[in-house]
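Chains: A, B and C, in written order; residue numbering restarts at 1 for each.
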Amino acid sequence: MRAFDKTPLAIVVATTLLLVGFFVFPAWLSLMVVTIIAKALVVVGVVVLMRSGLVSFGQGLYYCIGGYAVSLGEQVLQITDIFVLLALAMAAGLVAGSILGLLMSRYREIFFAMFSLALSMILYGILSRTQSLGSTDGLNIVQPTLFGIKLATQQAKLLIYFTTCVLAALVTYAVHRYIRSPLGYASMAVRDNEIRVEYLGLAPKKVFYSNYVIASVVAALGGAITALNYGHVQPDMAYWSQSGEFIFIALMGGTSHVAAAFLGSAVFETIRTYALELAPDAWRVILGGVLIAIICFLPKGLWSLTQFGKRSGSSDWDRVVDEKDST
Amino acid sequence: MRFWDKISFITALNIVALGMLASPPAVAADPIKLGLVAFYSGPVSGPVGMPSRKGADLIIEAINIGTLPAPYAGKGIGGRMIEPIYVDEAVEPVNEFRNLVQRQGADAVIGYSSSGSCVGVAPIAEELKVLTLFYYCGSTRTFEEGPKEYVFRTMNSQDVENIAAARYILSIKPNLKTLSGMNQNYGWGQESWRDFTKSVQKLKPGVTIATEQFPKIFAGQYGAEITALTRANADVIHSSFWGGDLDAFILQAAPRNLFQKQTAVLTTGGTAIDTLTKQIPEGTVIGVRGNGGALAPASAFHDWFRAAYQKKYGEQPSFPAYYMAQSVLALKAAGDKAAEQTKAVPSMDAIRKALSGLEFAAPSGIVSMSRHKGHQAVTDIAYGTFKLVDGKPTLINVKRYQPECVVPPEGVKSLDWIEAGFPGAKCD
Amino acid sequence: MSFLLSILIDGLIYASWLFIVSAGLTLIYGVMRVLNMAHGSFYAIGAYTAASLVGWYFNHDELPAFGSFAVMALGAIAVGFVAGLVTERGVLRFLRGRDEVVMVLVTFGLLLVYEDLIKFIWGVQSYYASQPYSLLGSTDIGEINFVNYDLAMIGVAGVVAAVLWWSLNRTRQGKLLRAVINDRENAVALGINVNRLFMATFAIGAGLGALAGGLSAPAIAVNPGLGVEVIVLAFAVVVTGGLGSVEGALIGAVLIGLARAAAVNLWPEAELFVIYGVMACVLAFRPRGLFVLDSARKI
């Protein structure tokens, strides 16, 4: 029997602390929090996919779609309401994800990774070639409104911050529940052995498909928040190195719990920005070194540090992608 | 390279410290924390980032000791010393701009080579109300998308280079009939080609386009493109390639005699004439994005800059060095002007107001902040033709275009101006 | 006719470059199941080494100019070999048996580290090694002039392919490697010293990557960030051809090389995504690439 699930409580506490934090944090920190959460949302999708054994090297595709949906929603459809924009971005992610998912759910392992990379690079190529969409210089995004009310800069910041935190909490809870649903457990099973799962009467394709769509929607949401936060979108959002960064964060955090994505993202962003500030000539060494060190010494990611002393093995909490399969 | 950077940084710091000790307290005003953002790593760092940084370093040091030649005088910017903070543009520049200002406390920022960075940074600079000088990015969008209060650009925008290139090529090849293009597939390359072709076609109707090649930026292998350009056999090949891509293009095109049969217009070719002297054929048209580097007009200030650069780094400055130096000088000129007007140590706001519409001296000549409500610089822009004179790379047949001839008048968008046939342009 | 011929030649030149770049990558993947992103770093190291050596060589007028080819190629291979050896012994050895994707990330970390190390050693200024490029002259084929150095690359790629084929199929060590590629568990059970084979494979693969960099150095300016640009192209080639298969890399390189040359000559706008387009098309019909390695069916 499973013990009392502490996750919802933890989410509520963490969200409340973050919301209060806005009034305490210096401005740059609030913005960094939004950046961290936006990226973490994409990583949540990466983690969902990883739990079924799929690693997407092209999550930037949906990140970019989300960002451009916001920008085009503003410029073409004249929408400025933050909630409509975010909904539009998620809808765009949903549509693209459900179409491409039909194709992508046929692929496994490194081929899934490379095919997803190819798709996102094609989007990058198309956007870079389209001058009406700002080419590689990208598009700017004006401040969002709330129910038709124009906001002062500081109010808009507050709105984006609060919306981000609350949405992240909802997504985290929803994905947490999903992971613990029968379909979520089936992900672990197909990762271990797809054929056996098929023999048991489950449809692995359905599992992959639903994971893929979920990952697309949250990635689009992350992209939309990034767009609102930076006020700018660029085709670089779909470039392979951006997608690589998401996997980097996912492995740093670990895949055993949804919240690990947020931990990973926070640590990554902090290291990156301070490495850039303190060692402008050697930030790559630092970032690369930390990544290798984490993989060597914390194979289950940073999240395993929070699990210190807990019983391991019997629950799914400690399962990670790099455990060896049994044949 | 890095050794020198460190040395210069330490020297700069020492000088700041010494200056503070030596000066009476009234003069030792708050230093200006100046963010200097450019590509210090990656493919852009060698051809653009590092020379820019060296040029800026040289000027900052001279400002802090007070050794700048006339018309500049005095230590610091209106008495305020410069404390440089270097930030690599290679990572999320839009995001890091906030950190630079809000966390590291930069009072002003000079930087950005990529137009994408500039387009993204401009609204944030406005929001944070921090004086920001774009030193190198070319896109016209920055100011055409709306007036700016805190953002300035201290060199010409990309359209000017290509309008001038069009005028230059038509002046040396009046019978021009066909054009080919070889530009990197990103904002800069696409806009350069668009403005160049539209300008040529306005100035000489009936010119047709033979082929337009758009390889990926940093692709490095251009064999197939060179074949396509050879076959298209146009009169002129326009390329806004820069840095390593430009070098690779020249290296691969030269043995295939591409530029012997077709005249190349290299809008940023100035970086290559010293390094690829043997490969660039005579007759190639070379630009430097303005009037720095090899095309800088002779002046006492220019001689001082070249000599000081040579002494400090053991090499001649390539043109990106001029443009970041130009940005630092803009700050100095504005600060001194503000100090003179108010008889006090200038605030950042006073410097910003003084900069708007200012005319100031740079190693490559006079820079006039006279477009987009005093926020966009105009300078002369020069083109020349490559020739080996006694084995030395030389630019002959140099033409300097005055701003009235190639820069859109105040309040007119550049593409509109080109398409309307340059109304009001005054050329000699 | 000459139009198609020139597309074919352009395509083959590009394909040869792609093949030399990706041969080492696919070899390492086949044997070790490591999709090595640091391969881009070996490419860059090779290019820098070659550029430095050529610069040094041509400062000595007494040396015959043609010797520069040997100095350049052997120097690049040697330095790449050593870098590969150090990487394998220093890092990868401790991560054997980890998931493939984890290894991609580890090598991505290595790529970042190497990027800065290269900057520490060579700085950020451009290096040129252009002398060998024009040494062989050029040839007119149809109406188009081609550089003989580029045409020679086709030959070099052929030699690399032949040597790889011969050593994999006709030598004892190669047969051992193929045993590991085809069925690792049984190979280990039969007593093959995997440790030594892995070390050798990684070093040879790295040497090949460096050779590719060294051979391209004369036609480019050697700048920071070189490796990063190359690695994704190499990925596209090996995935299209089928990961781990040398024949696959050859076919993949030819396919992508021809597609790119055709796009540049016929439809230049498509250049930016034609490579990924080919890869996506191949994967759409053959989900594991053209040449599939046998893998045991897990039941």
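Keep this in mind: contacts are C-beta pairs under 8 Å (C-beta built on N, C-alpha and C of every residue); 3 or more make two chains touch, one makes a residue touch a chain.
Please read all numbers here as calculations on a predicted model, not as lab measurements.
A.B. asks: Compute the shortest path length in steps from chain A to chain C over the network of touching chains.
C.D. replies: The fewest touching-chain steps linking chain A to chain C number 1.
A.B. asks: Where are there more C-beta contacts: A-B or B-C?
C.D. replies: Top pair by contacting C-beta pairs is B-C.
A.B. asks: Taking each chain's centre as the mean of its CA atoms, how far is chain A from chain C in angstrom?
C.D. replies: Result: the chain centres lie 33 Å from each other.
A.B. asks: Using mean CA coordinates as chain centres, what's the chain A-chain B distance in Å?
C.D. replies: The separation of the two C-alpha centroids amounts to 38 Å.
A.B. asks: How many Å are there between the centre of chain B and the centre of chain C, using C-alpha atoms for each centre?
C.D. replies: 37
A.B. asks: Scan chain C for residues touching two or more other chains and write them down.
C.D. replies: Counting only residues that touch two or more other chains, chain C contributes 115-116, 119, 228, 269, 272.
A.B. asks: Going by the contact rule already set, what residues in chain B reach two or more other chains?
C.D. replies: 2, 40-41, 185, 214
A.B. asks: For chain A, write out the residues touching at least two other chains, lowest number first.
C.D. replies: Correct list: 128-129, 281, 283-284.
A.B. asks: Mind pulling up the chain A residues that touch chain C in the complex?
C.D. replies: So the residues of chain A in touch with chain C come to 50, 55, 103, 106-111, 113-115, 117-119, 121-122, 124-126, 128-129, 193-196, 240-241, 244, 247-248, 251, 281-285, 287-289, 291-292, 295-296, 299, 321-322, 324-325, 327.
A.B. asks: Touching chain A in the complex: which residues of chain B?
C.D. replies: Chain B reaches chain A through residues 2, 40-41, 86-88, 91, 94-96, 98-99, 102-104, 115-116, 118-120, 123-124, 127, 139, 141, 145, 185-187, 190-191, 194, 214.
A.B. asks: Okay, in this complex, where on chain C does chain A touch?
C.D. replies: 35, 91, 94-95, 97-102, 104-106, 108-113, 115-117, 119, 228, 232, 235-236, 239, 243, 269, 272-273, 276-277, 279-280, 283-284, 287-289, 296-299
A.B. asks: In the complex of these two chains, what residues of chain B are touching chain C?
C.D. replies: 1-2, 40-43, 45-47, 49-50, 185, 211-216, 218-221, 223-225, 227-228, 230-231, 243-244, 247-248, 251-252, 254-257, 275-276, 278-279
A.B. asks: Using the touch rule from the top, collect the residues of chain C that touch chain B in their complex.
C.D. replies: By the definition above, chain C touches chain B via 3, 6-7, 9-11, 13-14, 17, 115-116, 119-120, 123-126, 128, 130, 133-134, 137-138, 143-147, 149-150, 216, 218-221, 223-226, 228-229, 260-261, 264-265, 268-269, 271-272.
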